[in-house]
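In the two assemblies presented below, subunit A is common to both, partnered first by subunit B and then by subunit C.
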Partner chain A sequence: MLPYWLLIPAFVIVLATTIYPLAYSFVTSFREWDLTKQRRPDGFVGFDNYLHAASESGFQNSLWVTTIFVVTSVALTLVIAMSLALLLRRKGRMHTFTRIVLILPFAMSPALIGVSYRFMFNPEFGVLAKGLGAVFPALEGMPWLADPNLAMAILVLTDVWHWAPYMTFMCLGGLASIPRETEEAARIDGASYLRIFFGIILPQMKGVLLVTAVLKTIFALKMFDQVVTLTGGGPGTSTETLAFFVFNVGFKWYDMGYASALAWILTAIMMLISIWYVRMLLSDRKMATA
Partner chain B sequence: MADVRLVDIEKKYGNFLAVPQLNLTIEDGEFLVLLGPSGCGKTTTMRMIAGLEEITSGDIEIAGKRINDKPPKDRDIAMVFQNYGLYPHMTVRQNIDYPLKLRGVDRAARTRRVQETAEKVELEALLERRPSELSGGQRQRVALARAIVRTPSIFLMDEPLSNLDAKLRVTMRAELKHLHHELGVTTVYVTHDQMEAMTLASRIAIMREGRIVQLDTPKRIYSEPADLFVAGFIGSPSMNLIDGAIAGGVFTAPGVSFPVDQPDRDDVVLGIRPEDLEISTAPDAPVIGKLYALELTGESTLVTLRTGANSVCARGPADHEAEINAPCHFVPKPGARVHLFDRPSGHRLDGLSAKGQTL
Partner chain C sequence: MKRHLAWWGERALLVLVSVIVLFPIAWMFLTAFKRPRDAYSLSLDFSPTLQNFVTVFADPWNLGDMVLNSVIVATVTVLIAVPCASLAAYSFSRFRVRGRKFLFFLILSTQFIPAVVIVLPFFLMFRTLGLLDTRLALIVVNLAIVTPFVIWMIKGFIDAIPTDSEEAAMIDGASRLRVIKDIVLPMAAPGILTSSIFCFILTWNEFLFALILTRRDAVTLPVGLVSFRTERGDLWELMSAAGVMITVPIFIMALLIQKHFTRGMTAGAVK
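Let's look at the complex of A and B:
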């Protein structure tokens, strides 16, 4: 019996902090609950909260913003991580040093990254705004964070800056597992460097890149911290990501039922992506062993 | 087809001199084996020929042309790797086809040549499989097929059989030999397995610490090893090497005395192969000691005796039986070869030196 008794504390903690809130939010998503009026959830409204999402412009905007953010951020992170990994693969004199430097952006808190980028892109005194203005005079005085497109670009930039190093390490791991002979054989067989990369290295990196892409996608879907500290969702609603929108609905407007429904929509999207990923991975393995 | 000349080749990694001043000519159509213990520079030498490793100084010529600065693909070579180096995401057919595709051979000719090559190495039935679905021997065949499909002028093989089990290694060895006979392509083959070297080579270059210590036919390397290193490296079980001195035309060591045709001197090593000794009861046998071990190998028994600090091994008949620690005598067989080496330098004493040997 003792083992079960010892398990109980951990089980209780998980139940109280994860499973109960999840179940509670799921139930809440089918109820009406205005926190400014009621202390407890009100009556059941069926799928009304979900149906409301389908027609509400705030949600649709955040879905669109999130899609743009996820696609650009994932694509850029992967390309940069893969390129950096190719550069860092060769063990040079700066090997250890570059790796230590590389881990620094990842060690920083995302909220802090948002704050520091807001300073750096301040048109009056921001070091990046001023620096870019000095190099390209056309950019002098550019209202970086006041322009919807530029604000989005900077939001993507902070996220790529934060994640690319970590993903570089994943790619480095993947590259290290590719037998060197396959590249050397291709060199002797007559392949150019580009062909070796696209024809030999990339196909063997498929599994690693798939994992990296899915992880990055899920992290990007949750994008919240930098939105709060860098743009506040603005200008307007141009950087209002789904996670930020859910937060606003729940804790600014106190519409808990609707917020719960939105959170579950986000969860469903992530689950779909995960399932798709597992399928891809399994089919890949089948191809390799069948 | 082509010959390969290495002229004063040198390879340094930082301050470490991996291969110092190597000179070697590989004749057209020859099967040359680079043989040596791990870390002796044999693989580095081959990789320099392939162009996978830059040379620090010296020249490499293939068919009379200096190719130092040419990339691997322009050297007209094909290489078989120890771990095969197959493309895991391609089928066997695509693997064999890849070098042809890269060289812009047209589709019809490619299909025909892949088919022909696959037949040559008995892979026709496996063309649509992936490397992960093949056994070690089959993968090795794919690697071979990929190498021969574009008929290069030189084959480079880097320990191609070392990942196979013992039985398969013997079969593949015979296939390699047959293939070389059939194609007649100049082949450079790296191995640390002396058996592979002996059976496959037209000539063997034995390497140690980046230098070639002996370059000769397998027969000569076996019968006239240039120094103690080669004497101990070639042959299984290895040659008996006994420390002693020559006085009055007789080599003597504790329990050992051999008449030899050499002037008196100290610090001599006498070498005699186990297969050149036989068990005897003669009281005046040149090797006298106590039986230490009997090892039946199937076709014969290895008999080891101890005398003083030395162990001496002889190859006796399979049915030989005796008590451990019983007195044991060996005599040389008629026509046996006795080798003498200078202990300090390791060189052979009867005039043959490690350098400058010719066929």
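Let's look at the complex of A and C:
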């Protein structure tokens, strides 16, 4: 019985803090509940909240915004993390220093990252706005966060700055576990660096990169803090991600039924990705032990 | 000659990476020591002042209260999550009980639930119970995010410990609980410490829950940042001073366990 007893405390926490709220919001997603009018939820309305989502432009906009954000931030993070890992894999004093520096972005509060990039991209006195304008005259006087596309670009930039270092460590871990012999042999035979990378390193890193991609996708879908502190969803609704939209529906408009339905749509997307992820992880381990 | 060029190129890239990472942090630290009028100029020629720190700790900002809230919420969350997670991680790592795969799967999946889904029901529940704007409410919701994560991480560390000495002690008649206490705990200590610090960082930086569940009394540091956005505009020098207060403790912790830290990042996912 001991194995079960050891699991009980953690399971009580997980059940009470995640399974129960999930069930609660699932039920709420089928009810009408405007918190500004009623203290208690009204009757059940079937799939009305979900159907409302399908026809509402705010939700469709947030889906589109989220897709753009997730795709660009995941792609950029992966490419940068893999490149940095290749750069940092060798030993050397400067390599070690850079590796230590790379710990910092992960430890920094995302809300604070949003705030400080907002400061640096202020068109009047922001150091990056001014600095980029001085180096590239074409960027002089850009409205930065007041422009929908640039605001999205900066949002992606903050997210990549935050996560690429963490993902670099994951790639470094992967690189450390692949044997160097084939690579050395190819080098002695005079293969170019690009050929070694695409022919030898990349195929062996496939598993690690897949895991990194899925993890990053989930983090990107969850990303919320910088939207609040950097763009506030704006200009207009150009950076209103799904997570931010759910927050607005729930805690600005207090429409609990609709917010729950939206939250469940987000959960369903993430669940599908994470089920796929855990499956992949388990089968990967099977391959490793076989 | 070609090799020489590559050597310098690599160094130049390393410097560039460090600059890109360090610059935003350095700029915030500089701004925190600037007078208001210097904060709006890009000049590095300014006389440093501690006035911003004095201001944020005084009325009406009262950053001290937020520091206290953040410290209490993060510490208590760690103290509850880590011991429970360690026991579960040990069980997952060492026993082949029925349903183990399903349970582990369940725990892993909960890690990916968006925070906004969890906070909605808790907001309603805490409102009914009159627990909105309390540290207790924050601790409860933070456990939701942190516990699965810590179980996963500590399991990675325990998996890496060889079972030989445990088995030897059991043959000598030691009970399983004794073995956990005297053999496993000391060996897993660095891993548990690393996980605790990860857990502390996650809770310390947590923003969404605190934004929704607190108003005045239980506000934590990251949410406090938003309050420097006033009708007179954003008070950047004060925000930066508050930012320094948020980052310094975390940076110190992360750097202290630097070696384990990078290992911990990869432990769960890559192994």
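Criterion: the second predicted complex is superposed on the first by the 256 of 290 C-alpha atoms of A that agree within 3 Å, B and C clash if a C-alpha of one lies under 4 Å from a C-alpha of the other, contacts with A are read in each partner's own complex, and residues count from 1 in each chain.
Please note the rule applied: a residue touches a chain if its C-beta (ideal position, glycine included) is under 8 Å from a C-beta of that chain, and two chains touch if they have at least 3 such contacts.
Every value quoted in this text rests on a predicted model; they were computed, and no experiment measured them.
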| item | value |
| --- | --- |
| Which of subunit B and subunit C A:109 touches, first, second, both or neither | second |
| Touched partner set for A:184, first subunit B, second subunit C, both or neither | first |
| Which of subunit B and subunit C A:260 touches, first, second, both or neither | second |
| Partner chain in contact with A:204 - subunit B first, subunit C second, else both or neither | first |
| Winner by number of subunit A residues touched, once subunit B and subunit C are compared | C |
| First (subunit B), second (subunit C), both or neither touched by A:52 | neither |
| Doubly contacted subunit A residues - partners subunit C and subunit B | none |
| In the complex, subunit A residues that touch subunit C | 2-4, 6-7, 9-11, 13-14, 17-22, 24-25, 28, 84, 87-88, 94-95, 97-113, 115-120, 124-125, 127, 130-131, 161, 165-166, 169-170, 172-174, 177, 208, 211-212, 215, 218, 221-222, 224-225, 228-229, 243, 246-247, 250-251, 256, 259-260, 263-264, 266-267, 270-271, 273-275, 277-278, 281-282 |
| Contact footprint of subunit A on subunit B as seen in their complex | 50-52, 71-73, 77-79, 81-89, 98-99, 102-103, 130, 132-133, 146 |
| Residues of subunit A that touch subunit B when the two form their complex | 179, 181-182, 184-191, 195, 200, 203-204, 206, 287-290 |
| Residue numbers on subunit C that touch subunit A, as the complex places them | 10-11, 13-15, 17-18, 20-22, 24-25, 27-28, 31, 40-42, 80-81, 83-85, 87-88, 90-92, 94-95, 97, 101, 103, 105-118, 120-125, 140-141, 143-144, 147-148, 151, 176-177, 201, 204-205, 207-208, 211-212, 221-223, 225-226, 234, 236, 239-240, 243, 246-247, 250-251, 253-255, 258, 261-263, 265-266, 269-270 |
